[in-house]
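Some structures to go through are shown next.
Common to both upcoming complexes is subunit A, partnered first by subunit B, then by subunit C.
This part shows the complex of A and B:
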């Protein structure tokens, strides 16, 4: 009996100490994909995200003195596995990072009930910009509708009026690929150009000869690509093969991965990608990551990958999350914030130029701010161009004309809420706040 | 509508014959690659009645091994030789560790075992090589790049040297395989096993040796396929999905027929391209290649359940 009492006491003590130990961290799970057909693009992003959190833990002891536990749950970019990961990690999570538009759409209604913020930087459902309706969802610093609008603006700026021209829209036949269609269709109607959607199936990503034969036959003035994973490399190699002028070929920010362009090297010169992030190897944060994470063997990355667009973007994503955590900690006077408090933190991000410099991120992300009504931030982005060896900036900061599709955001958000009724909204917030 | 279906496509073909030639060429290149993958399935099925679910991941594994060995500083062609060695070791390991203990088990068990092999190779490959996209060593292998531009009928026909090489090499490989199966003792042993297991075993054909051999041949096919596809869009685990394109080829041609795999692959490659360009894109918004081959195969199965070239099996009860 004595022996049993000792064991029970030890177990109870262990549980208490264990709980105390767990309590001294903020759990920010990442529904990552380092495996499967999209792994090639996922790995550098996940490495960037993980390394920034590792830097905060090493350099500052976490955020506000509380360590960050940025555990990954592997989804392989599968929506089913993504939902499983969400359910598995949501217990003590203060945020969920679903990492695919398909997974985002699936967990969106769940997070509204579970009251956990979704952080989907630069992806997900574009009407998430309406923070009144999507009170738990964030896609800052820019959404897909921003990207589509900036690309159209850029094309007009470079080649003049788009009236009478033809734009082929090469996209993955997946929720992600179809996201910008409403804004592209709106611009096609308003500006008088012909929009030619060309879907690419998941099994056809690496053999797009039919799609590029169609492009050859239709002779579009421009090709805009919403590609991801192996689709990007497939499209770029086909574009080279069919001798499509690279300078008239523009991709979204997920179609601007260095490794995809290295496949074609010089032949890809002139290819462009709109981007809300830019790699800056000279930024102080990069040097700190190198010294405090990479050199200590805490990173899964390599020096070549760390120079690339996607690694830098992953870093910025974690910096945005950390900024939200810091805001919440300061506002609520506690290091150990919960999901509701983090939502407040993410709704009050004010990443000014000064703050970007303070964080050591200069040149890597445009300034932006969020509010309860604006969960996207609409930071704008740069047009990047492949110079044969790396991406370089080909434009000044472009800003989306959000007013042009603000009504579309609100009506789409309202439609979503109606079709998913009862849908809890943030009634205290106005979409223009 | 009737005009769009029955007249406009043919009128387009006649008005732009150079474009039609380009479509046929692209279809031929895809088709010969589908046929190659299908051959890997057929060889294993014929000799062991196993539907090899791992054929796709073998393509990835072979290509990653080649690129990985080259990255270690080993010259390109020596890397090819070593990769073939790795595929041989893999064949021996599969026979010893997975297949031999399962001899006599129902076919579904063996099929499930190949799913296990797939999962193992995915995990093992990712651990060894990582999941990043890698560049195929096309130039180092001496595979010509660039293109030849022809102007038939005053139009434009672009022939990629890589595609020409793929067609030539794949054709030679198929011919070599046919010669091996028809004119060598081992080849005839494989065919004998496919025709009648019990009879083949009774005359002393070694099941173990044949299994190692067919898995090794499937490995060679996987390497050639991996080089061909990898040269087009990089080497990554996304290559695995290419193997699924062989499924309708097998349905169409028959799981046991080498001729069926070749004819089925070419038919699907060319027909799906023609349908996509002249009917799918104008009438259905495109992306018909995802389902066209399966529908074609299902139509064939309605009339010939054993496929175009499969053996009709009559079982007496």
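This part shows the complex of A and C:
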């Protein structure tokens, strides 16, 4: 039985994959996670991404006249499924969107060999900003180091000098949670505050009583949180229970999910989350999605979810990808672009205020631009605050001070390249972050 | 008919004790080896290598290691994932500390470290048995994963806390890391897995294997006939952890390319344990069958769900029909009505699905995943009901029936 099974699957797969039909469309697969432990946070993001592409297909007939096939490949946030999806889609895909940090870690070196752009908006490796080294990886509009820098800036702007203060850094004990540490440590040394990292193990996400006991004992002035999935709801309910002043509690953009805050409602008032996206209900694109996608039954979303931060962020992510596609099409004079051409498109995004208005995204994403050396864009973001029912903007646009850690980006990227030698780089590029 | 043993006379004890007393077994193995060593590498696509061939072999090896401990020596272990991790981290440290080291040697050596740690955690087995021992190995599982997270030296102080496989060369060809071709990785995995399978078969058939089985079946009786239980149990832990450690090194170096500590957490241990149980405890071949079912089948089902059933190319249609017919025939020989029913049911469902596709029916990827999980779960229950001793026993029954076929008894 064994050899039959193997032979049949090998042959069946070979033929099936070899004869995949090539239609006039751009294949931009999304390695989605609507199942598994992180599904609750994944679904609104996936819906937002899918709905924006559906809107482009409905309203404009795709981008540059070519339909977008934004098919999802379900990973359930598991790295094994993620690699399966990557291998399955890479044949015809012009981009890969890996989503989880674990999948990104594995796919990142492969994309450099397979030459497929990897689009990880607002997640992944912070050193991906160095486009010379990570020529196929993009994490615009902002990276985790930008987020850490903006949070510190905001705290300084609110409470004055941080010297002598104590900031607890509550984070998932996982590559994702450790990402901002280098920048936070740099600021702690430079500005004279005490940084207290408090890791939350993957198994303790829902029960953080030990961590919050420590926070109560240490009495930090602020708690900065790098959390994801069940960890956010756990931390927020625990903070309410221990009566930690919510206005001194700030999360990264993945810790700003409406559903997590709705659990505590008014008690969560004052909680903040830095974000490079905002769900502006008055933006034209929101109305168009409602009319041309949702009302036609093409969306899997619902009215309540569409008001949320994560859904809006999903829309912005797809808008960035579509902008990259449009750039590439205009530059190369062809609708049917390939992966290499899309890379050029993503490297030359110039999302000015005018362009944002033109796209109907006003107030939903800050302006930014990328170059061959700058794959993050460093758009900056807004501090969002929970008012008891929804997130509102609590600050003007904050811009990260990239100069402070540009060297760090370069050295970390170089270190990655040496440990993965031989690593193909973009030697021609002269731009910097 | 297919498996007629008439005329195969054994004229010496050696011939009777041979690895394959029945000629057809050796013939069948020959076909499988030709497929594995020649046909697959020539025909498989990169997707097949990365999602079916390589992971099935690696998981089968891990399950084989666990099977030595649990199936042959009767010591229940829930720490397989962590021991795989020991192998992976040991291999990572070796290739980064000694860049001149041959990667295959490093992979084979990494098992030595996990064997040492396995023996250390196996010491409680001298005093405790069964579920109590399972808890002790569970402690190893939690402790080791915690160690992978906290001991930064293990991952060379990377900011991300994950290990990343470097590109390593042998004979001017990349064999690990993203630069390596899938077929190279496959051949290395196949070589290591074949080597260790041969070792395991002979160990379990020999003196040591009989000692393990005696320990498993009744330790007091074994002790009374003069078996040193300490030696028996600790060698089982050592050999088992060695194999598991090597599989862990292959898992990261030949397949994943990168790993964070929580990859080696308890779900991996359970997955390997399920493969061993469903394949059949106390067997070598069962590990492969179990790995095909648990690791390979979800991928195949996903591909089926994404294929237009009625637009399949001729050759894949013929292969699919042949496969269904072969499985159905084997169940028919085994006089297993449930099995025949399941095959027919599967074919009918596929045809209905294909018809629905022509009518414009599409299911989205998340729903496919849910259905996939349900089908795999149902199949696990199904196989355990029709044969509680695992797929290996199912194959043995079928083989016995084939030998005396067409007579029923």
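As a convention for this text, the second predicted complex is superposed on the first by the 410 of 433 C-alpha atoms of A that agree within 3 Å, B and C clash if a C-alpha of one lies under 4 Å from a C-alpha of the other, contacts with A are read in each partner's own complex, and residues count from 1 in each chain.
The definition used in the following text is that contacts are C-beta pairs under 8 Å (C-beta built on N, C-alpha and C of every residue); 3 or more make two chains touch, one makes a residue touch a chain.
Computed from a predicted model, the values in this text were never measured in an experiment.
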Partner chain in contact with A:422 - subunit B first, subunit C second, else both or neither: second
Partner chain(s) touched by A:72 [first = subunit B, second = subunit C, both, neither]: second
First (subunit B), second (subunit C), both or neither touched by A:106: second
First (subunit B), second (subunit C), both or neither touched by A:202: both
Contacts of A:181 with subunit B and subunit C, given as first, second, both or neither: second
First, second, both or neither for A:35, with subunit B first and subunit C second: both
Residue contacts with subunit A in the superposition, subunit B compared against subunit C: C
Subunit B versus subunit C as contact partner of A:263, first or second or both or neither: first
Touching partner for A:87 - first (subunit B), second (subunit C), both, neither: second
Partner chain in contact with A:241 - subunit B first, subunit C second, else both or neither: first
Residues of subunit A that lie at the interface with subunit B and also at the interface with subunit C: 34-35, 173, 201-203
In the complex, subunit B residues that touch subunit A: 16, 19, 22-23, 26, 29-30, 122, 126, 130-133, 135, 147, 158, 160, 229, 232-234, 236-242, 244-245, 272-273, 276-277, 281, 285-287, 289-290
Residues of subunit A defined as touching subunit B within the complex: 34-44, 173, 197-207, 209-211, 213-214, 216-217, 229-230, 233-234, 237, 241-243, 259-260, 262-263, 305
Contact footprint of subunit C on subunit A as seen in their complex: 1-19, 32, 34-35, 71-74, 76, 79-81, 83-84, 87-88, 101-102, 105-106, 109-110, 112-113, 125, 173-175, 178-179, 181-182, 201-203, 300, 412, 419-422
Complex interface listing, subunit C residues touching subunit A: 28, 31-32, 35-36, 39-40, 43-48, 50-53, 55, 149, 159-162, 164, 166-167, 177-179, 256-258, 260, 262-263, 265, 285, 288-289, 292, 296, 299-300, 302-303, 306-307, 312-313, 315-316, 319-320, 322-323, 326-327, 330, 364-366, 368-370, 373, 395
